[in-house]
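Shared chain: chain A. Partners: chain B in the first complex, chain C in the second.
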Partner chain A sequence: MSDATTLLVVKDLATTFQTPSGPLPAVGGVSFTLKENETLGIVGESGSGKTVLSRTIMGLQPRRNVEVTGSVLLNGFEVVGASEEAKRAIWGLEVAMVFQDPMTSLNPVMRIGKQIDEILRVRLKMDRHAAKARAIELLELVGIPSPAERYGVFPGELSGGMRQRVVIATALAGSPKLLMADEPTTGLDVTIQAQILNLLQSVKDQMSMSVVLVTHDLGVVATRTSRIIVMYAGRIVEMGTTRDVFARHRMPYTRALLEGSPKVSNPSHTRLLAIPGRPPNLLDLPQGCAFAPRCSFATDICRKERPELEPSFEDGHAFACWNPLPVSQGVPA
Partner chain B sequence: MFWICVGWIALNIVGAIFANVLPLQNPLFQNYASVNAGPSLHHLFGTDDLGRDIFARVVYGSRVSIEVSLGAMLIGFGLGAPLGMLAAYRRGKFDSILTAVMYVFLAFPAIIATIAVLSFWTPRSLLKIIVVVGIASVPLVYRVIRSATMNFASRDFVIAAKVQGATDRRILIKELLPNIAPVGVSFLLIGIATVVTLEGALAFLGLSVNPPTPSWGNMINESLSILQINPWLAIFPSLAMCLFLLSLNFIGDRLRAHFEVSEAKL
Partner chain C sequence: MLIGIVFIISVGAFYLIHLLPGDPAAVILGTGDSPQNRARLFKELGLNKPILEQYFVWIKNVLHGNLGTSFISQTSVWSTIKSALPIDVEIIVLSQILAFAVAIPTAMVSARKPDGWLDRLLGATSFTLLSIPSFVVIVLLVLFIAIKLGVPHTGVSSYVSLGQDWVVNLESLALPSFTLALGSFVVYYRVLRSDLIATLQEEYITMARSKGISQRRIMWRHAFRPSSVALLGTAGVNIGGLLAGGFIVQYLLSIPGLGYTLIQSIGLSDYLVVQGIVLVVSVGVILINFAFDLIINIVDPRISRE
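Up next is the complex of A and B:
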C-alpha cells in the first residue's frame, strides 16, 4: 500500500458559501491524500460538510456565491480554480460520480442504454455499434440480468436497486480513476444496500479505481474502506486506517458516532446512544472546538481554542481534540 | 373522442392545404343570382350577401387561421422557448434581467398592443399579423418553458450528465428538452387555439387580412350587417372556429393528463 502512487492530494480545502446571513464555511481547511486503488470513507452527520467536500473535490459547485480556496490535485490536475472547460475534460474520464438517489439521477425520458452510450460516443469517440456493445458489457458488469434487452428500457421500468446499478454503469463508462460515491445506498432497501456496496467494491477491483465513499452510516464503511475520515462541522476531526478509527479512535465524536450505530452483537433492545444536542450552526460556529457544546469531555480550552489535527499513530492516523480518549478506551468494531 | 378531435384538426389542416385542388367553388366568385341563400345541395352552407359560397369560404378561411396561428407560434416558441430554457438553466443575472423584461411585456395587455401596432402598421398583410402576434406571445412561452425547465434543471441527472463531461448545449438539448417537451406541446396547442381566437377578434375589428380574402373572423365580421337576413353566414364560420378550438383544447387536455400520469409513474 505504501508504495502505491498517490491519486488525489487535497490541501487546506475550504468551501465557503456567501449567504444573505453571512459567510457559511461548509468545508473548512481539509487536507488528505488518496492512493490508487484505495477506498476512502468519509463519514459524518447530516450537515457535516461531506457532500460539499465531495462535490468540491470534483470541482462541482454553484456558479455563484461560493468561494473555494486551497488545492485539489487530482492525478496532477488542479481542480480548484480550473475553468468549466478544463474540468469537463477530466469529468467522466478521470473522476466520476455515483449519486444518492437513483430515482432522480437518471434522465426519466432517455433509454438507459443511451445514457451509458452518451459518454462513450461523445467523449471516447466510439461508433454507434461499439458504444452499444460496450454499454451492454457495462450493464452486465454491474449485474443487470439480460443486459441486451435492458439496454432499451426507460429508468421507470427498473427498480431502485437496478437503477442504482445503471447509475454505476454510467459512472464507469469513462473508466475513471476516481469514483466519488455520495451516499450511494441511502435511497435503497437494506437488502439491496449490501449488494450495491459489494458491487462497488468488485468493480473497483476490476477497473483498478480509487473510491471515495461518502456516508453517514458507519456500518457501510466498516468493511469496505481502507481509510476513514470523520468530519464534523466542515472539518476533519479524526482520520486513519479503518481499523484504527474503529478500534483505537481518540476523538470523543468518533466514539459517539460508533455508539450511535446499531451492532448485531448487541443484545436486542439495547438502547442506542444518541449524541445530545444538534450539529452546530455553520453560520455561527463556536469559538473553540465545534463539538464542545455536545461533548461530555469538554473543558475550558475546548470552548476557547480550536484543536488542530494532530498525528497520533502510524499510518496517518490523526485527530483534533484537546481531551482525547485514552488509547485503550476504544470501542472494538 | 381524442382521435375524433385529432381527425377533425387533421381534416381542417388538409382542407386548408389542399383548398385549391379540392372540388370547391371559387370563394371569391360572386353570384348575384343567389344571394343570402340557405344551405342547399349546390351550396352546402348557403351563400353570403354577395352570392359567394359559404362552404368554400369557410374552408379557405381556415387557411388564414391556421397560417397565423402556426406562424405566430413558430415565432413565439422559436424565441421564447430557447430563452426560457437558457434562463432556467443558467440562472443568475441573465435570468433575472430577461425575466424582468418579459414580465414588463406580460404586464402590458397583449391584445391592446397587438391592436395598436396593427392599426398603424399598414398596409396589413398576413406576415405582419404573424410577426406581431408571434412577438406578443414570446413572454408567455418564455414563462411557461422557463418554469418547466427549472423543474428539471436542478435534478441530479443534469448534474450527472455534467460530470460525465457533457457540454451545456448538450445538456439543454439532450437532457432537458425531451423532459419539457410534453409541457411545450400542451402549451403549443393552447397557444394555437388562443391565436385563432385572437385572429377572430382582430378580424372583427377589421384588423386582420383585407377583404375579400376570407378568414373565419372576417366572415363573422361581414355577417354582422346582415345577421337578421342571413344567420348562416355567422353560424358556419363560428361553428368552424368553435369546433377547431374545442378539438385543440381537448387534445391538449388529454396529452397533459397522459404525460402527468407517466411522470407520476417514474
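Up next is the complex of A and C:
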C-alpha cells in the first residue's frame, strides 16, 4: 500500500458559508492524502462537516454564498477555484458521489435506467443501445434482480435499499477513480446496511477505486477502511490508521465516539450514543478547543488556545489535544 | 361526476337566461305588435309552458343530439356552434403556444439565479402585465400595433377562416391570441419559476450536477418535469377560463367566435343558442381539465401511485 500512487491531496481546505447570521465555517484547515485503491473513513457526529467536506473535495458545494480556500488536488486537477465547466469534466468520470438519502437523491420522475445511462450517453457518448446494455449490466453488478425489467421503473417503485443500489450503479457508470460515499447506509434497515456496505467494498475491489466512506457510525468504518479521519466542528481532531484510531487514540472526543459505538465485532448499525452536551454553534465557536465545553479533561489552555493537529506516532497518526490520553487508555479494537 | 356537473350547469344556464329581461317574441315581432300575435308566437316556440317543462323538453332533445334551432335566425344551433368554435380553439391554441414558449425559458432564466437582475427584471415585467386588464391591453394594441402597422384587426363580416386563407386568418387572430397569451404568460411564468426554484434545491439536482452534465440539461431533463405539475394544473384551469371567458377579447375585436356569438344571442334573447353555447363550453372546460389531469398523471408518476 505504501508504494501506491497518491490520488488525492487535500491541503488547508476550508469551506465557509455566508449566512444571514454571518460567516459559518463548516470546514476549516483540513489536510490529508488518499492513495489509489485506499478506503478512507471520515467519522464525526451529525453536523461536524462531513458532508460539506466531501462535497467540497469534489467541488460540489453550493454555487452561491460559499467561500472555499486551500487546495484539493484530485489526480492532478486543482478543484478549488476551478470553474463549474472545468469541474464538470471530472465529475462522474474521475470522482462520483453516493448520496446519503436514496429517497431524495434519485429523480422521482425519471426512469432509473435513464438516470444510470445518462453519464454513459452524455459523457461517454455511447449510443442508446450500448448505454442501455451497460446500464443493465450495472444494475446487475449492484445486485438488482431482473435488471432488464427494472431498467424502466421509477424510483418510487423500489425499496430504499434498492434505490441506494441504483444510486451506486449511477455513481459507478463513469468508472470513477474516486468514490465519495456520504453516509450511504444511514436510514436503511440493518440487514440492508450491511449488504450495501459489502456491495461498496466488492465494487471497489472490482473496479479498483479509492473510496471515501463518510459515516457517523464507527462500526461501519472499523472493518472497511485502512485509515480514519475523525472530525469535530469542521476540523480534523484525530487521524491515523484504522487500527491506531481504534486502539491507540489520544483525543478525548475520539474516545467518546468509540465509547458510544458498538464493538467492532457487532453489526455496523448501532448509532452513536449521544455524547453529553451539544455540538458547538459554528457561528460562534469557542476560542480554544471546540470540544472544551463537553470535555472532562479540559483545562485552562483548552479554553484559550486551539490545539493544532500534531503528528503522534508512525503511519501518519495525528491528533489535536492539549491533554492527550495516555496510549494505554485506548479501547482495544 | 362529470355528468352531474354538466347537468347542474345546464339547469343554471337555462334558469338564468329566462330570468333576463327581454324575450324572443319582442325581438322577432318588434315591441309594437299585438298581444295576440305574441301569444301565438310564444306557443309556437314552446315558451308558454312552465319553465320546468321547457327544460325537460330541451334536455330531452339535447340527449338525442339535437340542440334545437335558433328562434331568430332559424339555423340549427349546432351549425352555429360548429362554425364559431374553431375560432375559439385557434385563438386558445395560438395563445398557449406563445405563452408557453415565452414562459418556460424565462422561468428557467429566473430560477437559475433567483433575485439576480434578470429575475428582478422579469418579475417586475410580469407584475406590470398582471395588473393591466386584458381590455386595456387590446385597446393599446389596436391603437399602437394594428392601426399603426396596418395589421387587420378584422370584423365579423371580413373574418376569413384558416382553411380559406391562413395568412389573413393568422393576421386577424394574432392580436387576440397575443392578448390572451400575455395573461397566460404571467401566470405560467410565476408558477413555473417558483416550482423550479424549489426543485433546484432538491438533492437529486445535486446528484445530476455530480454527473458532470450541463446546466441546460439539468434544467430541461431533471428540473423541468418535476416542476411542471402545478404549471399543468394551472394551464388546465386557465385554458378552461379562456374558453369560457374569451368573449371580452372577441367582442372588442369583433371576432365571431363562441364568446361573441354568446353575447349577441343574449342580446337577442336567443335562448336555445345561449343554452347550447353554455352547454358546449362547460363540457369543453370539463374535458380540458380532465385531459390535463391525465397529463399530470403521466408527467409525475408519484401522483397516480399515491
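Methods note: the second predicted complex is superposed on the first by the 320 of 333 C-alpha atoms of A that agree within 3 Å, B and C clash if a C-alpha of one lies under 4 Å from a C-alpha of the other, contacts with A are read in each partner's own complex, and residues count from 1 in each chain.
Methods note: a contact is a pair of C-beta atoms (placed from the backbone, for glycine too) under 8 Å apart; a residue touches a chain by one contact, two chains touch by 3 or more.
Here the structure is a predicted model, which means the values were calculated and not measured.
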Next on the checklist: Let's test your reading of the overlay: on chain A, do chain B and chain C clash or fit side by side?
Outcome noted: clash
Next on the checklist: Let me test your reading of the model: by the given contact rule, A:Lys125 touches which partner, first (chain B), second (chain C), both or neither?
Outcome noted: neither
Next on the checklist: Between chain B and chain C, whom does A:Asp101 touch in the aligned arrangement: first, second, both, or neither?
Outcome noted: both
Item to check | chain B versus chain C as contact partner of A:Gly156, first or second or both or neither | outcome: both
Next on the checklist: Quick check on the output: what are the common chain A residues between the chain B footprint and the chain C footprint?
Outcome noted: 58, 60, 88-89, 91-93, 96-97, 99, 101, 104-110, 118-119, 122-123, 156, 167, 170, 174
Checklist entry - For chain A, which residues count as touching chain C in their complex? => result 58, 60, 84, 87-93, 96-97, 99, 101, 104-110, 118-119, 122-123, 154, 156-157, 167, 170, 174
Item to check | Residues of chain A that touch chain B when the two form their complex | outcome: 58, 60, 63-64, 88-89, 91-93, 95-97, 99-101, 103-110, 118-119, 122-123, 155-156, 167, 170, 173-174
Checklist outcome for this item: The answer for chain C against chain A in the complex is residues 202-204, 206-215, 217, 221-222, 225-226, 299-302, 305
Checklist entry - Can you list the chain B residues touching chain A in their complex? => result 90-92, 155-157, 159-167, 170, 174-175, 178-179, 181, 262-263, 265-266
